[in-house]
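Below: the structure, in structure tokens.
Note that the chains are named A, B and C in the order they appear, and that numbering of residues resets to 1 at the start of each chain.
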Amino acid sequence: MSSVEQQFGQAGFESVPHAPPSRVRIQTGPLAEAGPSSGRRELAVEAVFDVREVSVHYGAKRALQGVNMRIPRSRITALIGPSGCGKSTFIRSLNRMNDSVTGFKLDGEVLYHGHDLYAGNVDEVEVRRRIGMVFQKPNPFPKSIYDNVAWAPRNLGLRHGLDERVEQALRGAALWDEVKDRLKASALGLSGGQQQRLCIARAIAIEPDVLLLDEPASALDPIATASIEELMHSLKGRFTIVIVTHNMQQAARVADETAFFGLNAAGGEPVGTLIEHDHTEKIFGHPADPRTRDYVSGRFG
Amino acid sequence: MSTAASPAAPGSVQPSRSRSADRRRSLDRFGDGLLRTVCAAAAVTAVGILVLSAYQIIDHASPAISKFGLGFLFSTEWLPNFGVFGAGTLLYGTLVSSFFALLLGAPIAIAIGLYLSLLAPKGIRGVISPMVEMLAAIPSVILGFWGVLLLAPFVHKHVEPFLHDTLGFIPLFGPPQTTGLSVFTASLILTIMIIPIVASISRDLFLAVPRDVQEGASALGATRWEVVRGIVLPTTSSGVIAASLLGLGRALGEAIAVAQVIGAGEKIPESLFEPGDTIAARIANQFPGAITEMHKASLYYLGAILLVIGLASNLCAQWIGRRFDYRRAAAR
Amino acid sequence: MNEQPAFDPAAPLTPTGNLRRRRAISRVAESGATLAAVLAVGVLAIVVYSVLVHGASALSLDFLFKGEPDGIGPALVGTAEIVAMATVFAVPLGVLVAVYLVEFGGGRMATPIRTTLDVMNGYPSIIVGLFVFALIVEPTESQSGIAASVALAIIMLPIVARGTEEVLRLVPDSMREASDALGVSRWRSVLTVILPSAVGGIATATILAVARAAGETAPLLLITSVFDGSHVSLNPFEAVPNIPVTIYKLSEEANPEGFARAWGAGFVLLAFIMVANIGARVLLNRSRRKMAG
């Protein structure tokens, strides 16, 4: 994909000549005509996730409502929107990380390659092996850099060629050159940006199918943030990536598709929901929903 | 109204109000100084008690120390009627019973700590945690009494024969004796005493492991046990060791319950199922009835040895614990 | 990557590769931990139950009020007397030490004091007994209740000091700063503001210390063991009858009737300690809630 960022560096957007129109896919929230039977749906790229009418409750509190979405393979999908609209809840529901939160309840279906993630016979450890996650705040283990990356492969029994695996993962995370001489040093001695790239290396070392990133750069300084973004481009072809970000320039630069989560106040209490999901240029260029337009233009003023 | 001290210009007229303010200020300063002095005196007293206790014990032990020297530690003869005393049997009994109790108790306690911190739902944790701590509150004399009347016969009838049958090839698990009053039963009682200490501290240590690191491990497709083995336990290892040393100290110093169930053996037992004796239990048993000076001095000598062992394990625990805190603080 | 073939992401979400085995191991570990907790609770239940069952049968008003050989009345009174005196010694001393550590920073002595308190917490009580014996009983050539109180006070001191220190540290610094800003002197703010707000924690620590002291046998065995348990003795300058030594003596004799009395005494002692512990916990929760909100 061409350097999308060059076209979005200035304020304002031009519609960018895009790939074949057969990839156009429109998803809207409950406001539009809903349902998979909508004639406007056309699929060329396989969907890794098929989210159907998903709502999430934490105890009595409703955190997310009526989300319908298909997440395409080998693409970067960004989730944007103001705080408190359920983006984190949503992304954590994609790999069963919300299981440990008390009172968590998910209605609807999350299909991963056609399998219901929340079915009774699903092993959540297996889920997380296939769907990796990088968190907002870097959380390296208090071990050496090498052991951080090698830990999960060792668990999985991938002991042969561990050194190469670690090196490939660190290269993939654009960290290898900086740490290759001190693999045995403690990971806690790295800078914030390096630690986050280490967490990414850790996640890709086991070659997951999907990589979920929950605001990976929000705790980092701008230079570190830029390095993470570059990483996203290089990782895109290898993994399906879903990234939550508050930073709209980041989404615009990096993502193929963008989903905007906002608050839906209809029916009393405002609840987070998916407002609009489309190709990134469309979302930032001429969004269909006024709420999307307000959010997107408000920032770019 | 400000009562901050204002320097009075010499020769200026002082209104009567500031004279009482002066008096108040000097009263305050006096009060502050007095409070500080009293508190410092209390602190000095506390430290002084500790120092004085060590001095008194060693001082009263000196007749025995000068007579027996360090050979006291190895000699196994304890004959009050002949004025011959040696701590060998008791040292053996103390170390064997305490270490066996630690061997048995520490893993169980760590498992309890893991259960309470990582497995139990909050409600159950709130019920079982206090229960585990309650176990520590049982006075040793009651535990020992229960041990004599209920545990020892049970061990004698069921546990010792079973262990002898299965593990009898190890000389430690010899044939059961006439009663269940043995080093083994004493070790079991000591295990019961060690567990709550180590479990409570471990639980707190495990609870303090940051959740985000554990989440990161889970997100890599690791099972719960792998998160414990790979993250929780290594991170808290120093603290857990320190806790175990504290538990060990408790076991080493226990006099009453051990005296009740260990059988007051005179020689070094070959098997755990024979009666034995420990330093603390010997002091408790014989001090009230000791008549000769050398007998008493030897018992004080035993006390001095116990003091040294107890202090060593306690200070080790503190040192390791402090190193652990420092490392965690540096890491975060 | 030169590796085993990547898993098939479209396969059903049941365990692949070595996950089944790892899951089994994890389940075994979880069961082990649960079992350990059950074991601990079980042992507690067994001991408490035994004391309850055997002790309840010995209980009667006569038992509680009369002296030996019918009852343990004098021993109850004696324990109460010794522990009360020990509390009078230990609490002020412990509170002052804690105040020194927290309000005055401990000065140069902060580390030695803290080390001392930690060491005292793990001090074998038989050693405390030897110490006080050498300090008081030997020179005065007589056992005494007051010497026993001194010994128990030494055991109680670190508990009170630690508990007080914890609760003093919970008092927010803003309170001290506000006091300073108003020009209130140190001693006044400590005595009239800080200590009163810490009273809950100090009470809790005291109750726990009392519960601990009430059950201590080893020092009493050396210091106040030669007594006549048939009538109440309030004279602290002689050996005072007390519960722990009574239980110990009865347990060492081979007399079944004595055993019954020992169970009864154990029942009373254990009941007191359990109630005190639960009470302290309730108080702790209440004062924590007050501090936090």
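Here is the rule we use: a residue touches a chain if its C-beta (ideal position, glycine included) is under 8 Å from a C-beta of that chain, and two chains touch if they have at least 3 such contacts.
For clarity, every value in this text was computed on a predicted model and none was experimentally measured.
Contact with both subunit A and subunit B is made by C. Using the mean of the Cα atoms as each chain's centre, the chain most removed from subunit C is A. Each of A-C and B-C has its own count of C-beta contacts, and the greater count is at B-C.
In this assembly, the C-alpha centroid of subunit A lies 53 Å from the C-alpha centroid of subunit C. Chain centres here are Cα averages; for subunit B and subunit C they lie 13 Å apart.
For subunit C, residues that reach two or more other chains under the stated contact definition are 19, 22-23.
Within subunit A, contacts with two or more other chains are made by residues 125-127, 129-130, 155-156.
Multi-chain contact residues, meaning those touching two or more other chains, occur in subunit B at positions 223, 226. Across the complex, subunit A meets subunit C through its residues 48, 112-115, 117, 119, 121-123, 125-127, 129-130, 155-158, 160-161, 164-165, 168, 207, 209.
Interface residues of subunit C, counted against subunit A in their complex, comprise 1-4, 6-7, 9-10, 12-19, 22-23. The part of subunit B that touches subunit C in the complex is made up of residues 2-4, 28-29, 31-32, 34-36, 38-47, 49-50, 52-53, 56-57, 59-60, 108-109, 111-112, 114-116, 119-120, 128, 130-135, 137-146, 148-150, 192, 195-196, 199, 223-226, 228, 246, 249-250, 252-256, 260, 280, 283-284, 287-288, 299-300, 303, 306-307, 310-311, 313-315, 317-318. Within the complex formed with subunit B, the residues of subunit C that make contact are 19, 22-23, 25-26, 29-30, 32-37, 39-41, 43-44, 47, 50-51, 92-93, 96-97, 99-101, 103-104, 106-107, 109, 112-113, 115-120, 122-128, 130-131, 133-135, 154, 157, 161, 183, 185-188, 190-191, 211-212, 214-218, 221-222, 225-226, 244, 247-248, 251-252, 259, 262-263, 266, 269-270, 273-274, 277-278, 281. Per the touch definition, subunit B reaches subunit A in the complex via residues 210, 212-213, 215-223, 226, 230-231, 234-235, 331.
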